[in-house]
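Heads up, the next two complexes both have chain A, just with different partners, chain B and then chain C.
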Partner chain A sequence: MRAGKFIQTIFFTEIIKGMALTLRTLFTPPVTRRYPKVKRPVKPGFRGLHALAKNEEGKMKCVGCGLCGAYCPSQCIYIYTSEGEDHKKIVDRYEIEVLRCVYCGFCVEACPFGAITLSEHYEYSDYSREPLYMTKDKLLANWDRYFAGEKGLRYFRDFWRPKAENFSAYEGQAMFDKVKARRKEQK
Partner chain B sequence: MEDIEQTEKTFETKELTISMGPQHPATHGVLRLLLTLAGENVVKCTPYVGYLHRGIEKLGENRTYLAALPLTDRLDYISSMNNNVGYVNAVEKLFGIEAPERAKFIRTIVAEMGRISSHIIWLGTHVLDIGATTPFLYAFREREVIMDLFEMLCGARLTVSYPRIGGVRNDISQEFLDELYDFVLDFPSKMDDYETLVTENRIWKDRTVGIGVISAEEAINWGLTGGTLRGSGVDYDVRKYAPYDAYDKVEFDVPVGTNGDCYDRYLVRMEEMRQANRIIRQCIEKLPAGPVMADAPKFTLPPKDMVLKDMEHLIHQFILITKGPTVPEGEVYMGTEVPKGELGFYFVSDGSGRPYRMRVRAPSYVHASVLPRLCEGGMIADVIANIGTIDIVLGECDR
Partner chain C sequence: MITVTINGKEIKLEKAVTVLEAARSAGIKIPTLCWHEQLEKYGGCRLCLVEVEKMPRLQTACTLMVADGMIIRTETDTIAEVRRGVLEFLLINHPLDCPYCDKAGECELQDLVEKYGLTKGRFREQKRKVPEALEDPVLVRNMERCIVCTRCVRMCEGVQGASAISVINRGGHSHIEPFSGGRFDCEYCGNCVSVCPVGAIMSRLHRHSYRPWQLGSETKTVCPYCGVGCTVVVQVRDDIIKRVVPKLGTVVNNGLLCSRGRFGYEFVGNKERLTTPLIRKNGLLEPSTWEEAIRLIASRLSEIKDKHGSNAIAGIASPRCTNEDNYVFQKFMRVAVGTNNIDSTARTGFAGAQGFIENIFGQGATGNIISGLANSDAVFVIGGDPTTINPILGLQIRACSRRGGNILTVGHMKGLRYYTPLELRPSVNTEIALLEGIVSALMKKKGPPGSHPVLEARLKDLNAQEADLPRICGIQGKDFSRFIDTLAEAATPSFVIGKDMIQSKGGSYGLFLVSAINYIVNGRIYLLSERANEQGLLDMGCAPDLFPGYRPITYPEFRKRYENAWKTGLPDKPGLTIFEMMEAAKAGALKCIYVMGENPVFNLPHTKDVEAGLKNLSFLVVQDIFLTETAKMADVVLPALSWAEKDGTFTNMERRIQLVKKAVHREGMEDWKILSEISSNMGVRMNYSDAEEIFGEICRVSPLHRDLNYEEIEKGDAIYPYKGEPLRGSTDEIHIEKSAGREERGKLYLRVERPLFHSGTLSRKAPALVNICPEAVARISPATAAALSLKDGDIVRASSKTGALELPVAVDEAIDDSAVMLSNNFQGKGAFSLMEYEIDPVTKAPCLDSNQIILEKVNR
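Right, the complex of A and B next:
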């Protein structure tokens, strides 16, 4: 023990070991990306910019019940409704102050009609507040832009939660075959 | 010659008061220290906190129990998962409901992932403050993997809001578990890398051994918890002595130090990361099948596909969101072990859907108060080491 300590003190062994490690790492592939040029793929179900869903006929799904606004922890959803002909509720304005939103996804969870979604778009910045104050038209346009075609349906199938089928057991999910095989390899 | 003597006579030495922070990079946020220096020695040190005060406790009292969850993300923003887990556990205790077994295991997994990611940041920044750049870069490489896993799990990297009262937001996928298992198998070798770079390094040892010594008795009296307390040799861990979630079903050791200096606290946290890794591995292997949300319609949001089919579910949905759950009156305290120490939530309920009083016992706040004790009498360069070693995050300290 003493001798080991002595050798370490004289020959700087711990420093050399560290240097060897950094030298080895020099030849491993880089883990960083050149961001604006190379973008990292976003994982499905990412909580990004909002969009208001449309139904098959292209109409806004939202009925203006106000649950999303009531549940929103940062209270940044404003809904203004009025009474139309034959006592129907009309959503006049539906606005989200995106700069105050914390992207918790609670509005999606609160909505009973599947009318609000969070898209995978995350690159929005601007010089003033106006472009980031989302009005109804902008939110509906977001739907066309980020949830075109099948994507919207898939979103509600996979990420609109909680779901009833999530409440039951998956077959064999407790122990996975792949994991098991890898464990054997390890041993 | 006469000149010099003359100068020495008029040039009296006196104490100098300087302000360190709130923008100093080594203060881990916006901590301000008012230091009185005699040469390089610290005579007096006064921490000033409150630069990041957002009134989270008060905000929590204005939200329903369900909707206050994202606020806890912003307490200790580098281990938001642990804060969420602490919050939902406290609220569940108040409601008197219990999460299903599978949800408990999932929560244990994600909480330990949060612990690893927080300790990795602590390691990177603490070592960087003292002068070693390389471990910082390596540490963030591994943290990135955990962040990606969180994103795969719930769609957000940092402010996750993943656990829910009565369970978790969604079940975990096969893909997630596979990648996590890969990480878990890899991680010990990564730990070895950090240890090669830091543990035996003579500069590191010179800067940390015997610095910021605090005895076990004093540490208890100051109210320290977590790694900061265990470094002084006190064997106290909430996970072990008041187990919540699935901690009583997994094996792990609680590392303790002996000297109570910066180096021992470093060793304790390094070992904690290995233990966290061990816990995750056991949890994956033992993960039971079953539901991930408690069957408590009065407290948890109903499943979406039932809401428009069933009147009862729709009513629950409306009442839970607008009025909040109907809560028994009473008080409850629940402490959980977060990477920084013991995070406690204390609720006073008056029977409405919002807490009458929500109090957060933040470990960082207690730890910041011990700074004068550690710094006074030492050198100014050791102030940096002391701030790093008590592992504070000002978001939690100021709340």
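Right, the complex of A and C next:
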């Protein structure tokens, strides 16, 4: 053992090993991305900028029940509703202070109608707070921008099935392993 | 002593109560839907089922009385199973529209399903579909959500006594509907809303505009409307009052409210509120700054004071402002201006009547506990319907009747008509003769009690003959003797006196007679008060002849004390009453009036005269929250903060001092702050940092408020101390001025209607109350209508000596044949504009009952 160590010390084998790795890496493609030019593909279920979902008719799904705001740990969702002309509840203002959001996704989980969503978009820095204060119109525009086509459907099918439809979890729904195991046991 | 065991906990009880109450007293919660602590027990919802040992089946805790040695379990698996079953039955028809429903978050059914229930029922049929009933302007019914617990029906029938709603249809189709169909025809107390466990009956005022958990703050304060001083909780979101709800367990109203208290809060956020001071420039009121306005008022007041003397200035205080505001107001008038010309609209009845009665029975005679009315065995009501003037006091009278007490009324009281009142309805202007008859008959029956020689001396020469009454007053002898018998037999009678009595010709003599009846049968007197702080205003010395704490200013030793306290000399001559002010203004002796939170142009009789008087002034300052009729005439208008925006105290008619707390933030100054600024500009410094400091000074100065502070008041029982001794007046002499209006048959007389849904000019800024009662109507009896061939809704021209109005008529069976009732609430349609008055020499109140009126149909 001591002899082995002696040889290592004499011949700088570790350095050679290290240099070999360096040499090898020199010919492999780089791991880092040249970020603004090259973007990292987002994994499904990523929690990014908020959007308010629209239904098939293109109308806002949100009914203003306020559960998202009640659940929100950083209390950054503000909802103001009123009585509409047909005596139905209408949402006048739906606002999220994005800078205070912690992206826990509780709002999405709480929503009984699948109205609030977290998109895969994450690039929204700015020089002032104003543009990052999301209003109802901005949030609805986010839906068109980031959940166009199939994407919106997939979002709810794979991850956040709204509770109003069925309180049990969807077969393929993403969930923690432990929860999954417990569910199986119960069955 | 009964000992029961609930969930292993031994509970000792003094008397037999229900299992539910026993459990609640031990802090054990049993779920209920149909049971409510204000209501009769019903046993309909089956959720309070509990296990009792040695009883074969589960028992309803709300109806089962405890017995000694009972062993009760409230939470077992069987019970949970049964409760889940009951809830599943309820969910057969109850829609799961919680995200839309405004009740979600405070819904009792939701909480119970969360605790016991299934997330989804097994019932696969269609749920019952009933469209929402939106016909009513204030209440909305969603009968899909109704679980038929009948709390609302029991509240309406058994507590409020309006009997406006009922369960209709059967089985699965049963639901609640008002007898009047879509729109409610009721007292709009809204107590059904506060007992409904689900979202079946709700208020439309804040519909869909918030969720219960979004309410930012809750403030326990006092209702701003009448003199009962109900405790209300103001719930606010973003400085907008979302709703006003009552609180269970409070001393005055214990979870009940009336229409004004519950639905009349919207004036606070009204867009018409004044925001900046206005100064008259070239004949027009123009926005200005606080500095300019205050400097102008200070310099003008000083100028008038120098030129014409202090007594050329007068002040009108407000029964809607807090004690602190009124205290600073009278101090400002007495110290900075140097005059005793301070009065208020309390002079139109309350102040004089209270002074008169206290002069006979000693101070505090009219300050009795309102909830005590329910324990009386007879209630004698005269001079106005208590159920509309002071609705919560009216409820106590109804409760008295329910407990077996007798209701005795002089005149017809519409709100008490279902409570089998013994009613004496004297023909027009003969109340005095009737009261004389009652006193004589009682004296004959019971004899003089002998404890008040001065009063008895006055009664000696009174000898009305019972036999004459049918001829004079048109009253049946049989009714009269029943009335007298009931009154004489009563052990704990109460007397409720309204303003109509005080404002009639010979009002002080009438008051004397009622006092005499009260003395003979040994009762308690309640004096109805229309404004929140009418009592407190007088306590604070906003009267021309009294210092704070009812100290007469003519006594040099009292004056000395206040001079020492305020470190200044004080005027010794009593000032002008509010009516004398108007006369002096008209005559030109008065140059300036400072009005705080009052609208004399509208709230004083003979409007034209008042208007002419105020026009004649060289300077008029109005401090108010709206641009009222009076403010429009002012030279300077100052915007004040309303009841919800400031701290302070109100004193209710039972002399309970209660805290008014700031619930909403608004830019501006409190009334006392504005006054102290002006005072400082006039060279008399008043440095108060907040209302509490002013109250500290009040407690040092006023002998009635000694040793009080805000912490003490917060505890709830600050009925101010008397220490047994009357503080003012003596009973050596009772001034009586005998006079009575003459009866002229066939003529119509104008009477002031005091409606349930309005109060002064404040309520017309509350849209909900205006929606319930939108316009002034002249109420006439069917006989009058027939004689003039009028029907409901016809437009008439009502003219008196002082003016004429065009307004619709309503035929009402409760109205006397000789009377036309008109309220004094609607802009340009006030009864006071058609009235002349005479001042009662003793109470200094106006007599308004001899105003004849002519109705003519207007054809359109």
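Keep in mind that, in the parts below, the second predicted complex is superposed on the first by the 157 of 187 C-alpha atoms of A that agree within 3 Å, B and C clash if a C-alpha of one lies under 4 Å from a C-alpha of the other, contacts with A are read in each partner's own complex, and residues count from 1 in each chain.
Throughout what follows, contacts are C-beta pairs under 8 Å (C-beta built on N, C-alpha and C of every residue); 3 or more make two chains touch, one makes a residue touch a chain.
Here the structure is a predicted model, which means the values were calculated and not measured.
Chemist: Which chain makes contact with more of the residues of chain A, chain B or else chain C?
Modeler: Comparing touch counts on chain A for chain B and chain C gives B.
Chemist: Under the stated touch criterion, which partner chain does A:17 make contact with: chain B (first), chain C (second), both, or neither?
Modeler: first
Chemist: Once chain A of both complexes is superposed, is A:67 in touch with chain B (first), chain C (second), both, or neither?
Modeler: Both: A:67 reaches chain B and chain C.
Chemist: Between chain B and chain C, whom does A:83 touch in the aligned arrangement: first, second, both, or neither?
Modeler: So A:83 only meets chain C here.
Chemist: Which of the two partners, first being chain B and second being chain C, lies in contact with A:101: first, second, both, or neither?
Modeler: Once the two structures are laid over each other on A, A:101 reaches no partner at all.
Chemist: Looking at A:51 after the superposition, I want to know if it touches chain B, chain C, both of them or none. Which is it: first, second, both, neither?
Modeler: Touch partners of A:51: none, neither chain B nor chain C.
Chemist: Is A:109 in contact with chain B, with chain C, with both, or with neither (first, second, both, neither)?
Modeler: first
Chemist: Determine where on chain A the residues touched by chain B overlap those touched by chain C, and list them.
Modeler: On chain A, the residues that contact chain B in one structure and chain C in the other are 67, 70, 112-113, 164, 167.
Chemist: Report the residues of chain A in contact with chain B in the complex, numbered from low to high.
Modeler: 8, 14-15, 17-18, 21-22, 25, 31, 42-43, 45-47, 67, 70-74, 102-106, 109-110, 112-114, 118, 159-170, 172-176, 178-179, 182-183, 186
Chemist: Which positions of chain A touch chain C when the two form their complex?
Modeler: My answer: residues 63-67, 69-70, 79-84, 87-90, 112-113, 164, 167.
Chemist: Contact residues on chain C for chain A in the complex?
Modeler: Residues of chain C touching chain A: 98-100, 104, 119-120, 132, 134, 204, 207-211, 213-214.
Chemist: Can you list the chain B residues touching chain A in their complex?
Modeler: Going through chain B, the ones touching chain A are 63, 66-71, 73, 134, 138, 141, 144, 148, 151-152, 154-156, 159, 161, 164, 169-171, 174, 177-178, 181-182, 185, 193, 196-197, 200-202, 284-285, 287-293, 295, 300-308, 314, 317-318, 321-322.
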